[in-house]
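Each chain carries a letter (A, B, C, D and E) given by its place in the written order, and its residues are counted from 1.
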Amino acid sequence: TDLEVMHWWTSGGEANAVSKFADAWNATGNVWVDGAIAGGGDTARPIMVSRIIGGDPPAAFQFNHGRQAEELVEAGLILDITDVSEAEGWADIITPSSLLDSCTYDGRVFCVPVNIHSWQWMWLSNAAYENAGLDVPTTWTEFAASADALREAGVVPLAMGGQSWQQNGAFGVMALALAGQEAWLAVNQDKNAEVVMGPEYTRVFEAFGAARSLSDGLNVQDWNQATAAVIDDTAGAQIMGDWAQGEFALAGEVAGTDYSCLPGLGEVALLDTGGDAFFFPVTGDPEIEAAQKELAALLLSPAVQVSFNSAKGSLPVRPDVDLTTVNECTQKGLDLLASGAMVPAGTQLLAPDTVTQLNDLMTEFWSTPSMTPAEVQQQYADIIADAE
Amino acid sequence: MAIADTGSTDRQLAAGARRPNRLFKNLNSKIAAIPMIFVAMVVFLGGTCWTIFYSFTKSGLLPNTNFVGLDQYERLWSSRKWMVSIENLGIYGFFSLIGTLVIGFTLAALLDRKIRGEGAFRTIFLYPFALSFIVTGLVWQWILNPELGLQNVVREWGWTSFTFDPLNNPDIVMFGLLIAGLWQGTGLIMCIMLAGLRGIDEDIWKAARVDGIGTVKTYVRIIIPMMRPVFVTSLVLIGSGIVKLYDLVVAQTSGGPGISSEVPAKYVMTAMFGGQNLGQGFAASTMMLLMVGIILIPWAYLEFGGKKRG
Amino acid sequence: MSHSVQIKSLDLQFGAVKVLKNLNLDIHEGEFLVLLGSSGCGKSTLLNCIAGLLEPTDGQIWIKGKNVTWAEPSERGIGMVFQSYALYPQMTVKGNLSFGLKNAKVPKAEIDKRVARAAEVLQIEALLDRKPGALSGGQRQRVAIGRALVRDVDVFLFDEPLSNLDAKLRADLRVELKRLHNQLENTMIYVTHDQVEAMTLADRIAIMKGGNIMQLGTPDEIYNRPQNIYVADFIGSPSMNFIEGQYSNGVFSKGELSLPMTGYEYVAPKTADRGATIGIRPEHVITGELVSGAPVKVEVDVDIVEPMGSDTLVWAHLAGKPFRIRMDGSARVSAKERLTIGIDPSRASLFDTKTENRL
Amino acid sequence: MSHSVQIKSLDLQFGAVKVLKNLNLDIHEGEFLVLLGSSGCGKSTLLNCIAGLLEPTDGQIWIKGKNVTWAEPSERGIGMVFQSYALYPQMTVKGNLSFGLKNAKVPKAEIDKRVARAAEVLQIEALLDRKPGALSGGQRQRVAIGRALVRDVDVFLFDEPLSNLDAKLRADLRVELKRLHNQLENTMIYVTHDQVEAMTLADRIAIMKGGNIMQLGTPDEIYNRPQNIYVADFIGSPSMNFIEGQYSNGVFSKGELSLPMTGYEYVAPKTADRGATIGIRPEHVITGELVSGAPVKVEVDVDIVEPMGSDTLVWAHLAGKPFRIRMDGSARVSAKERLTIGIDPSRASLFDTKTENRL
Amino acid sequence: MTDAMSGPRGAKPKKALSRNNIIVYGTLFVVAIYYALPLYVMIVTSLKGMPEIRMGNIFAPPMEVTFQPWVKAWAEACTGINCDGLSRGFWNSVRILIPSVVISISVASVTGYVLSMWKFKGSEVFFSMLMIGAFIPYQVMLYPIVILLREAGLYGSLSGLVLVHLAFGMPINTLLFRNYFASIPEELFKAARVDGAGFWAIFVKIVMPMSLPIFVVSMIIQVTGIWNDFLFGVTYISSPDRYPMTVQLNNIVNSVQGVKEYNVNMAATLLTGLVPLVIYFASGKLFVRGIAAGAVKG
């Protein structure tokens, strides 16, 4: 059966990863019709939603799981795949279980989490530090201390893309790393605005304010252009999720020798476990429905999980697969997962509306040198107070 | 004398004695107007009402009827981004309106001076209109890129302190957009102005020369006031373009740096599809419509209402 | 004589403006009727009503004995020629002529025959394949007439068909139209505001003013026996001289001027004394050698002399009012001179000053 | 009489087209000169050259004794009135009048004085605050004249200032222009293709054809003694009757027709025998009771009779050619009739058929 | 007379480059450079290899001309896992363009015809609403139209898309047609009615043949708008193998795969813009004429 799958994975590493799904699906005698829309979720989402409410949905589509699809599920537009989940025993194999939880609404399963992505990484260029005669930092504190020296060597210490989600994402990483798990959960999970104003977060905002000046001199928009700056050693480091590794891999760089990675900024070794999930709209066509369920199962099959996640640079959602060829960084991630050092991802905790507001706030702060950390802290607190 | 041999037979004159039903009078034209009526009533009016209606709800990813009164508007007007968007639209709108009119008119006036190669110049000025905003934004983003574009080239020529980097400077980023926007839009206005100039009685020019009035002064004091209808058409075109400003921003700056080049249409899009908060997007759209209305209604009153009395 | 077009108490309003007011008009079979009036008096409106291009507010229109008030223009048996000719620019002359017939689904052979015949009548055979853009004004006008001709209509309607042309061509085409009417013998209704056209072409003239007909009569009647001051003033160029005064006992008087109206034909057999206005046409003023034989002699002061080649127009004063006199082109008069003129009361017109109607 | 405007061997080409060809013209101080000619003969072009709006290809233009060939229009001391008036629509009448002065930095008090004076002369005081859109055609024309008037110029140039108006208004404004000229005594150069205007207004008329002046003379000379067939044909409405024939020994003959030219003033004292064309104006044909006294009597066949109110135009045949006769409006003639007319050779014009020049 | 003819005569001698001319042509040339520059940059960049681009000067002509970027843009550039460049979208765009342009022009012209020659009570009211609609941002209408189309059962089909283009092209096109038709003499219309032509016959046989310029203008505006449209095409056409060329362009331009391949982006951009550009360059004078009649009057 032909199944059309919509997603916004169009960068080099991402596209490579999608093709693993496609190949696997095609190998079952079905046809993967690729509906890629470039430009990120904001471009692709209205198109997907239009098609769903327009009554002509794709067979499957990518969303960040968590709360983005809540309403579609409530409106009965998404196929219930609890039967597949039960048949395949997802409840047992999916780790961490919070991933399946975010696909579960009122006890029914509506989506397939396909990978684990964690924001909590900093990527550093070994060559940039070597050329400047410095040691590669192992914590954020070290990194901040060495920044001036790096700057003198003509290297931009911190690479940061111009899009708001990158800046807000980086802030989230710093918050978890510098304020600690407890404060972070109080803010993101319990929406406790007082904590935002508290001393732990004050430190985070100050550090973020300091980081702002570290990125002067590099004007790029896209995250992978920022990554490219780290790859070609014109920038020292980037705070970016593990998907950045796909770019390093594509450029032929080797973890540990060409670049280093610091989960949790080397401060608090915790990973948030966000990720991508596929949803299957209700079509009313039994044949398609069967195929949708078949695809759902396929996406989680061990072989597909391995090939997909190695290409994407993300972690598989099942621990029972053998990633033979993992590099140093991936191994660090796997170890952390195995040790249970995890928190849910921000997208699972905050409504998209709140995320958008935070994105706007953080990007404004990032590009407005006159805005002080104290101001942004107050506004951050306001948004958290309003969040639901 | 008869031109026809076969007498003009009976011409169904009986029908002529009865007054036909009002409703069926002009029936064809009423049928032909159905698309217009449909678009006006259902799409534009209906869509607008729909949008306004749902702006009072707490619609998220999907429209729902969970009414929250004016909450969405309160939130809207307390949002920094919205204020920045409005301000940006104001700046862009003002300069784009003035710029387009001035450049369009100046070019038209220059072309109207019986110059050689008018066709070539006209084509050059007009072609950008054929390109989409995506393309326009991309090209100008690139030309204004400090590492690759204009700034870099000028520095290579030896002026090493030359700085022209509007897209990364929040203070002047709107002007970076303006450069591209004007590039794309002035050609059409120039064409309209040119047509308007061609329509002006040549005797007016002669009269002005006999009166000893200089060329520039003749344009400013006599010709421009005479081209009122042309300016009205241009204003409608430019104005509707300004309100809809979106693609160019997305392609050229994505609203950055920071939120310094956000515009209302983009706010709407982000709220609706990024934030999955349709209600907020609808509230923002309603405000946009309201602003258009505030500008448009007095104008329409002057244009159409005034005429009937005059 | 049978009726061709009958207009019965026709009313027409545009919004609140009444343009035609209870208008009645009977046009005879084969008659050449000219509607004459100043701009905006409703001539075109009336013509458009007859053609069916405007719908009357009230009243009826009958053509050839049938009530066509609500009929389509093409069903009324009328043809219309417009001021700008309104030829279809993208069609050849032939296309223009045959368009109406094609619409009426006349067979092809018949169309060709009729077009050929009309082209012959109008002498435009050689032009059939040209487009209107390549025709001169006169040729265009003939094509426009041809368009009505092929359709074999009962009534021709003309809306100022000559006013776009220059003086010379206008004179030529006027003659040609007259010839055509003699030949076709159709009813023709012709709108103009040029009195020369009206006088030369018409069997009868209807003078319109503000949506009403002021006088309907032959050119001779209109010129020599205008029914009211409006018509008297409107017809004739230079226009009639009017002097307001007093009528009593067969004598018109104003100040020193006293004119016994001997030979004047009164409309009512006996006319009572009243305020009256006398009208004298500049060309009816007797000058030169003939003055000696004139019934009444008067002296006037000459103000300006306008030599016009064939004639000389003299602006003078009589009874304190400007007074125009048309003299022969060879007459030698100069400004400031005192001139003796003769007046023939039988060629003058006398009006009641209040009602403005002819006495 | 001193020269006001002198044109010396003026040439003007548009691209390859010669529009004015070695044109010479002397205009006297205070003269009212009319340039008359058919459309496209170069009248406007010549006027624009004088105004400085077109640059001649060769030759000179002198105004008031100064060579202004290269001067700017505003420096020539000329004022111009255009066919479309070219009033500035967004300014009031006052603004229109004062705009040129303001531009020349004339002091405010002086401007007001001049505007007031011009408004008085033209009787437009009440209109000063209106915009041109709210004026009638005649009022607009006065404002256009006023624009030249305030600038206190030596020479007024008019380019068909009346041709957009209707007949009645045209007649009134003609008189007014004449009055204005008498009052101001400026030089006026006036372009028209309407001969009635030319005849009534001009001190002298220059008849143009194809960029040349065909005849320059007073209206009387132009009308009565046209220098060539072109002028003879051009002037007069209905136009002159021409009969081509033979001249020998003081007698013009064509077929049976034989006209001894007694009383005719030859241009050259003695005129040799040659092919000749005789021209007789329709209004110079003697009819009615006066025929008996005519020098030559001829019989013609009447074709069509056009009654025009004041006159009657009769279309007849003479020597096989159409022959127009203008008769009195009261004359009673009917088609197909045979009519005896008289011809006065002293009022006819005789031309050499080959050179087309007057004999 | 000889001495009288001394002094200035004939045409004023003109300096070949008078001050005025320098200003006029100077301004025009400078402005023309501003307008032409982006096109120039697009073309030269699309002919360069990536190494040369990285070296810097975007205005320098290519040292080594390569058509590889064009080939890649047309046939090889990847979006997701499809690596067939723009070629896939081209014919889709054509397939979307033709019916949309034809139908929206037909409808707009007929509407303009009604508004100028067959006015009826209320027609102007609808027209005013249409004109106000011109100011509504498209984004606002996205969902209401989805719902409308769904209710009409047209969602995802070509006819649905045509309807959307029809609606959004209607205000400006109707305005142009209405103004143009208003300049056709009323007498022509009357003559045709006397000749027995009805509503449609007058339109097809009299009005249309006289209105070539405005049809050209409208066509250009519609072709440009519809060809360049991304949002509607991708939102209301529901199958990826029917996505228009602009979607592919967006994908190529926005799919950053490592370093931005500017040359491929430029080639893709040029390829996408080719259709409207060609139409523009070809129509030249007619466009101005049509604009003259359609925009200035009224």
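Everything that follows uses one rule, which is that a contact is a pair of C-beta atoms (placed from the backbone, for glycine too) under 8 Å apart; a residue touches a chain by one contact, two chains touch by 3 or more.
To keep track of the chains, here are their UniProt names: B = sn-glycerol-3-phosphate transport system permease protein UgpA; C, D = Maltose/maltodextrin import ATP-binding protein MalK; E = L-arabinose transport system permease protein AraQ.
From a predicted model like this one, the values you see are computed outputs, not experimental measurements.
Enquirer: What chains touch chain A and also chain E?
Expert: Both-contact set = B.
Enquirer: Out of A-B and D-E, which chain pair has the most contact pairs?
Expert: A-B
Enquirer: As a quick test, compute the distance in whole Å between the mean CA positions of chain A and chain B.
Expert: 39
Enquirer: Averaged over CA atoms, how far is the centre of chain C from the centre of chain D? Could you give it in whole Å?
Expert: 28
Enquirer: State, to the nearest whole Å, the distance from the C-alpha centre of chain C to the C-alpha centre of chain E.
Expert: Measuring from centre to centre gives 54 Å for this pair.
Enquirer: Touching at least two other chains at once: which residues of chain E meet that condition?
Expert: Residues 142-143, 147, 250, 253 of chain E each touch two or more of the other chains.
Enquirer: What parts of chain A, by residue number, touch at least two of the other chains?
Expert: 46, 53
Enquirer: Which bits of chain B are touching chain E when the two form their complex?
Expert: Checking each residue of chain B against chain E gives 25-26, 28-30, 32-33, 35-37, 39-48, 50-51, 63, 103, 106-107, 110-111, 113, 115, 119, 121-136, 138-140, 142-143, 148-149, 152-153, 156, 183, 187-188, 191-192, 194-196, 198-199, 229-230, 233, 236-237, 239-240, 243-244, 246-247, 264-265, 268-269, 272, 278, 281-282, 285, 288-289, 292-293, 296, 300, 304.
Enquirer: Quick one: which bits of chain D touch chain C in the complex? Just the residue numbers, please.
Expert: Where chain D meets chain C, its residues are 39, 166-168, 171, 174-175, 178-179, 193-196, 199-200, 219-220, 223, 235-239, 281, 283, 304, 306-310, 313, 315, 326, 329.
Enquirer: Going by the contact rule at the top, pick out the chain E residues touching chain A in the complex.
Expert: 78-82, 142-143, 146-147, 149-150, 155-156, 234-236, 238-241, 247, 250-260
Enquirer: Per the contact definition, I'd like the list of chain E residues that touch chain B in the complex.
Expert: 24-25, 27-28, 31-32, 34-39, 41-42, 45, 53, 56-59, 107, 110-111, 113-115, 118, 120, 123, 126-145, 147-148, 166-167, 170, 172, 174-175, 198-200, 220, 224, 227-230, 246, 249-250, 253, 262, 265-266, 269, 272-273, 276-277, 279-281, 284-285, 287-289, 291-293, 295-298
Enquirer: What does chain D use to touch chain E in their complex?
Expert: Those in contact with chain E are residues 8-9, 11, 55-60, 67, 69-70.
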